[in-house]
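In what follows, chain A forms one complex with chain B and a second complex with chain C.
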Partner chain A sequence: MLIALVLLALASAPLGLLARREPRPLIGWLLALIPLALFAGLCSQLPTVLAGGRVDAALPWVPAMGLELRFALDGLSMLFALIITGIGVLILGYAGFYMDKDPGLGRFLATLILFMGAMLGLVLAGNVLTMFVFWELTSVTSYLLIGYKHDYPEARRGAQQSLLITGGGGLALLVGLLILGQAAQQAGVPATEAYRFDAIIGAGEAIRQSPLYAPAVWLVFLGCFTKSAQLPFHFWLPGAMQAPTPASAFLHSATMVKAGVYLLARLAPGLGGTALWHTTLILVGGATFVFGAIVACRQFDIKALLAYTTLSMLGGLVLLIGLGGDYGAEALAVNILAHALYKSALFMVAGIIDHEAGTRDLKRLGGMRAYMPITMVVAALALLSQMAIPVELGFVAKEWMLEAALESPQPAPLRFLGLAAILTAAVAYIVAGWRLFRNVFLGQPHPDVLQHHVEEPKFGMLVAPALPALLSLVLPVGFLPLVSQFLSPAAGAVLGEPLRFELYLYHGVTPALLLSLSAIVVGGLLATRERQIAALPGAPAWFNGGLLFDRLIDGMLAFATSLTRRTQVGRMRAYMLYSVLAFLGLVGLPFLLFGLGAVRVGADSDLHFYEIIATGLIPVGILATITARSRLGAIIAVGVVGAMVSLFFVLFSAPDLALTQLLIEVLSTVFLLLVFSVLPARFESLSPSWVRWRDAGIAIVFGALMTGLVLATATSELFPPLAPYFLANSLAEGKGANVVNVILVDFRGFDTMGEITVLFIAVLGIFGLLRFRRQVPIAVRRSQHAVIPGAPVGGAEAATPEEEPVKG
Partner chain B sequence: MYDSVILRTVARLMLPILLLLSVFMLLRGHNLPGGGFIGGLVASCGVILQMVAFGPSFARRVMPVNYLALAAFGVCFAAFWGLPALFSGLPYMTAFWIEPSIPGVGKIGTPVLFDVGVYFTVVGVTTQLALLLAEEPVLFPMPPEPPGAEPEGAPQA
Partner chain C sequence: MVLLLAIAIGSLFGGAIYLMLRRSVVKLILGLVLLSHGVNLLIFVMGDGVRRGAPPIVDAQGLPPPGVADPLVQALILTAIVISFGLTAFVLALAYRANQAVGTDDLDDMASTDRL
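Right, the complex of A and B next:
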């Protein structure tokens, strides 16, 4: 059931391409049937979930490593999944109207459906690794959506920032999740189940005691904070408003940014309860809550204003997880629902205004009440919910938030910090909301607006924001018991134990109510001065996360370019030098520090004279190679070394190796002759003598290291020797008497498979280098060598290595 | 390349012998020294000998094989003989053997066929490398040969 749902969402994405054709608006609503079907499918599971049950589905892949496709539907997943599919219906229908002139609508809708499927998979996942796959998929699809208008540099920049930030956080998250799985295994969970959410939560007590807890939690925080745009990773979210409005509405209200909140809420019963967890979440969430709300009051772009309130609200949700307790879990559930409803409506209204008036700039709008009264009502309903005015759902949610802060089990300073953040944000929301409403709908129309033919949008477009906006009002007035019943299992999942609560609009005069009302009063007073607030001097221009991040990326690219220019010089001996030096550093140092004890020189008494001769000829050959004056002499001398090594293999009864070594010697002699035949017959000394002495020193050290390593491994007793096993089983299991060959083709057949693949890839590469070289003019080739995006063109000069050896 | 009567005569005689030897090496590999890797090297030695004696274009003509394709075929062939195990629910590359051994060849099983794939890959890769180097015009600028022209002293292929 669940697997089918997620697969349906992902597999039906190509259907979005249908919207390339006319009538686009109609096809948009037709495609909305996909999320509607998913919504209905999820609703069919509602009775089980509301009764406190859970629906499971799994498709094992590598059970021994806990890799599986596992989905689980409980209250929290249900809340998110219904929001995603429900708002998905509206967004798809809305997009058809909003982008009816855009020929790229098909591509956009296909990506949007994929985005929805990814998010659905994320919230339904029952295994952290399954969840991670969908987590990354949302990052990738949101990148495509934000960068949809790819001809605009701003859109590309926003898309890149979001991908780098959320993708980087995703990497941290993966490590965090793997550590969690390890910690669960150490707590006694079998490896097959260690990566399931319920197993990790179940082993929470042991994990919290584990030394792995702190690093795992920090990495999970990093993933969640980047995804949910918490300070200081917040700046990608305002940049993401470059996406077309339907995608913004979806991304802000239901998907993507909620993923971090979802994961924190999901893991809260297992990982929560420690000072680290609650302090971090309260501080980060609270700071983001206040920061976003205050910055929102000063924005002039409607979408930017809404983006900052989303940022703020995400901070609020994180804060609620940090506050914890019964009320915290309940408030989280209510706020997620309320925010999804009003934020999707507001973004779609912003899109309508943009669509009709041609601008989103608050300074160039006004007086729209005369032209689009219905839109105004919809906007007002949604805004009132955001401003937490009674009797909207946002009011109930805000009151629960205040209760959560008042009743939080956290120590008093943290609790009051949370309370202060909530009140500040509540006041700022009212200012921001009023600012938006007044500048768009009230006052005199701006001359720019008059030039446009502004009118009410078509019904098919207006209904999309109207529905969630109406629900924001109707749900609290008429259906609070139903909402409570629906949200109870979600809150229970966050708390970790079954929970039943009743929402109410008025419950006598409580501290929460008084605080809420006083926030409204203060906010109302401040709202009359919104112009002055917007005009206050802000932070200096350079103090902008997005700019600083861009500088960081530019600096990294410049560093990488200069490093590449310095290391990729195109000379064989430089590469040899780097490789050998790296080996000396990475292997030689540990060997000197830890491995010297393993070196044992066995005194073998029965040395035969021919062994001594073969051994003695090897250094002679090497010295001859080094001192040879002519190339031919050097080749012959190298051949002596190879022949002696083959002789060695013969003496120590390894005929296969000897044969191979001999053949390779023959072939490499042919190759060397081929290449050297076009070079001058005699060597010339081009390097200064200190370079040659340095190289000699490095070579001697390297040789000594290799000798030491061989001596150490030959006498090592760390592992039982493998040879007896192969000798005993070669004929019986491998049906062959030649043990070497049986190892190659049977016992270690996989290795051989890899080796011949590498051989083939190597020859392909050489073929490409030699054959496809001259067909491209040099000028073109130079420009193609800018491997690193953003690298200065001059950097390509050094990056033409394949010419160097040919010129000799 | 090197206009040497001795080299050319020996090379001409050695080609069939080396090819036969390579197959021999390949087939005996499972029980005696040899195997796909060694066999492949022997076979490509035979072709490379032609190349050294008569030049790359003659080597191409005397064995008209696309060595790159041969190498690709070898990799695929080797990978293919790991597949049968999957149909019996066993891990990839589990060996299967035909029970009675074939006289003169020995036991035949998927590992032997896998070795044949290795053989083809090694022949293709090594020979292709040598020919690529020898045909490199920057290294060996050669006047464009008229089509069908034989290098002096070359036997009729």
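Right, the complex of A and C next:
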């Protein structure tokens, strides 16, 4: 069931391409049938989940490593899955109208549906590795959606930033999750189950004691904070507003950015309860909460304003996980629902205003109440919920948040810090909400805007934000018991034990209510001064995360370029030198430090004088090769070395090798003579003498190292020899007495075939090189194509004409 | 006898590295030839002991001589000898052709052929 749901969502993504055809505006609502079907499928599981049960489904892949495709549906997953599919329905329908003139609508909707499938997989995953795959898939689809208008440099920048930051965080997260799996195994969980969420949570007690706990938690934090735009990684979220508004409403407010919150909430029963966990979450979440809310009050772009309130609210949710306790878990569930409803509605309203008035700039808008009164009501409903004005869902959620801070089991300073953050943010939300409403709907519009034909949007477009905005009001007024019943299992999953709670609108005069009301009063007073607040001097211009991040990336690229320029000089021997020095450093040094004890020089009683002469002739031949001034001398010297190697094979029981080596030696000499006859007759000393002495020193050290390594390893018996098998089976299995031959043609026959293939390719290459020699030489051809930018044009070496080819 | 082989391998590797660090194509090719000798002997000595006078040839009953040499490394080296010969032949043809096109055997003068 669950596997089918996720696969259906992913597999139906190509259907989005249908939107390239007519009927344009309505195709979105037609495609919305996909999330609607998923929504219905999820609802059919509601009775099980509300009763506290869980639906499981798994496809094993590599069980021994704990790799599997596992899905599990409990209260928390259900809350997220219904938000994803429910808002998905509205977004798809809305996008059809919003982008009705955009030729790329098909591509956009296909990516959007793909994202929905990935997000669904993420929140339904029952195994951390399964979850990680979908986690990354949401990052990739988010990148595609932000960069949808790829003609604009700003869109590309936003897309790149978001991918680098969430992708980098994803890598940290993967390592963190793997460490968690290891810690679970150390706690006695079998490897097949160690990566399941319930196993990690079940082993939470042992994991928290483990030395692996702190690194794992920090890495998970890194992944969640980047994904959910917490300080100091927040800046990618405002940049992501380059995405078309339906994507912003869906990914960057209601669903994807909550993935980090989801994972923290999911792991809270296992990893929570430590000072590290709660202190970090309260500090980071609280700071983001306040920062986003205050910065939002000073924005002039509607979407930027909404983006900052979104990242603020994400901070609020992280803060709630940090505060912990019953109320923390309950407040988290309520706030996730409330925020998803009002923020998706607000983003869609922003899109409507942009669509109708042609701008999102608060300085140019105004007076829209005369042109789009219904939109104004929708916006007001959603804004009131965000501002936590009584009887809206946001009000209930805010009061629960205050309760969570008041009743938090954390030590007093942290608790009060959280409370202060909530109150500050609550005040700022009212200022930001009023600023948005007043500058869009009240006052007088800018003359430019009136040149647009501003009117109420079509019904198919307006209904999408109207529904969640209405729910923000209707749910608390009429259906609080139902909502409580629905949210209880979700809160229970965050707490780690079954839980039942009842939301209420009014429950007598409590400290939370008083605090909430006083925040509204202070906020209302400040809201009348919103213009002055926006005009206050802000942080210096360089203090901008996005800018600093760009500098970091630019610096990294510049560093890589200069490093490449310096090391990739285009000379073979330079690369050779790097390799040799790396070998000396990585193998030679450890050998010198730790391996010298293994060197064994055994006495040999059978040593013959001719063996010593053969050995001695090898260095002599090599020296003669190196110092030869004529090519003939060098060829003879190399021949002597080859002959001595053949002699070695004769002496040490390898007659086949000796024969082959001798044959090849003769052939090689003929080849060398043939080719060297056209090359310069005498060697010149091309390098200065200090370079030659340096290279000689390196070569001697290298040779000595090889000698030492051979002496240290030749007699080692770390592995059983394979020889006895071949010796025993050669006649019986291979029907041959010469074991070497049997190995070549029988035991390792495929190897020999590969060898023949290599030789054949070499022959083809040689044939090609020699056969086509009459063609225009490379150098001349390039000078004709000198239009390539950066190519040396008419350089001295490029103009060298070809010598007359040798006849024969 | 491992000592003998060790000295031979060390000098082959050292000489090969020195020649491959030179600017002349010819020396580079000679270095390549020496390097393949060195590698072949290295494989040889890594087998199940180096023996005298006991080639891996079994008798009519399928029994090897006492103290037999390792047949597997010999088979591997046989392949390696032939392949390195193919490589040497190809590089020689390449040097021949490059000399025709560029008119030099100095690798530094050929650096321009890398650039596009």
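Just so we're on the same page, the second predicted complex is superposed on the first by the 620 of 808 C-alpha atoms of A that agree within 3 Å, B and C clash if a C-alpha of one lies under 4 Å from a C-alpha of the other, contacts with A are read in each partner's own complex, and residues count from 1 in each chain.
In this text, contacts are C-beta pairs under 8 Å (C-beta built on N, C-alpha and C of every residue); 3 or more make two chains touch, one makes a residue touch a chain.
Note that the structure is a prediction, hence the values are computed from the model and not measured.
Enquirer: So, A:453: does it touch chain B (first), chain C (second), both, or neither?
Expert: Neither partner.
Enquirer: Per the contact definition in the header, classify A:735: touching chain B only (first), chain C only (second), both, or neither.
Expert: first
Enquirer: Going by the contact rule set out at the top, does A:704 touch chain B (first), chain C (second), both, or neither?
Expert: So A:704 only meets chain C here.
Enquirer: Name the contact category of A:655: first (chain B only), second (chain C only), both, or neither.
Expert: Both chain B and chain C are touched by A:655.
Enquirer: Applying the touch criterion given at the start, work out whether A:629 contacts chain B, chain C, both or neither, answering first, second, both or neither.
Expert: neither
Enquirer: State whether A:678 touches chain B only (first), chain C only (second), both chains, or neither.
Expert: Both chain B and chain C are touched by A:678.
Enquirer: Looking at the overlay, does A:766 come into contact with chain B only (first), chain C only (second), both, or neither?
Expert: Once the two structures are laid over each other on A, A:766 reaches both partners.
Enquirer: Applying the touch criterion given at the start, work out whether A:664 contacts chain B, chain C, both or neither, answering first, second, both or neither.
Expert: Both partners.
Enquirer: Using the touch definition from the top, say if A:577 reaches chain B (first), chain C (second), both or neither.
Expert: second
Enquirer: Chain B or chain C: which reaches more residues on chain A?
Expert: Larger number of chain A residues touched: C.
Enquirer: So which positions on chain A get touched by both chain B and chain C?
Expert: In chain A, residues 655-656, 660, 664, 667, 671, 674-675, 678, 737-738, 740, 744, 752, 759, 762-763, 766, 770, 806 are touched by chain B and also by chain C.
Enquirer: For chain A, which residues count as touching chain B in their complex?
Expert: Its residues touching chain B are 655-656, 659-660, 663-664, 666-667, 670-671, 674-675, 678, 734-738, 740-742, 744-746, 749-750, 752-753, 756-757, 759-760, 762-764, 766-767, 770-771, 806.
Enquirer: Could you please specify the touching residues of chain B with respect to chain A in the complex?
Expert: 25, 29-38, 41-42, 44-45, 48, 52, 68, 71-72, 74-75, 78-79, 82, 93, 95, 97, 107, 109, 111-112, 114-115, 117-118, 121-122, 124-126, 128-130, 132-134, 136, 138-140
Enquirer: Considering the complex alone, what residue numbers of chain A touch chain C?
Expert: Within the complex, chain A contacts chain C at residues 570-573, 576-577, 580, 601-602, 604, 606-607, 611-612, 614-615, 618-619, 622-623, 625-626, 631, 634, 638, 641-642, 644-645, 648-649, 651-657, 660-661, 664, 667-668, 671-672, 674-676, 678-680, 683-684, 686-687, 695-696, 698-700, 702-708, 710-711, 713-715, 721-723, 726-728, 730-732, 737-740, 743-744, 748, 751-752, 755, 758-759, 762-763, 765-766, 769-770, 773, 777-779, 788, 791-792, 795, 797-798, 800, 802-803, 805-806.
Enquirer: Within the complex, which stretch of chain C touches chain A?
Expert: My answer: residues 1-15, 17-30, 33-34, 37-38, 40-42, 44-62, 64, 68-72, 74-75, 77-79, 81-83, 85-90, 92-97, 99-103, 105-109, 111-116.
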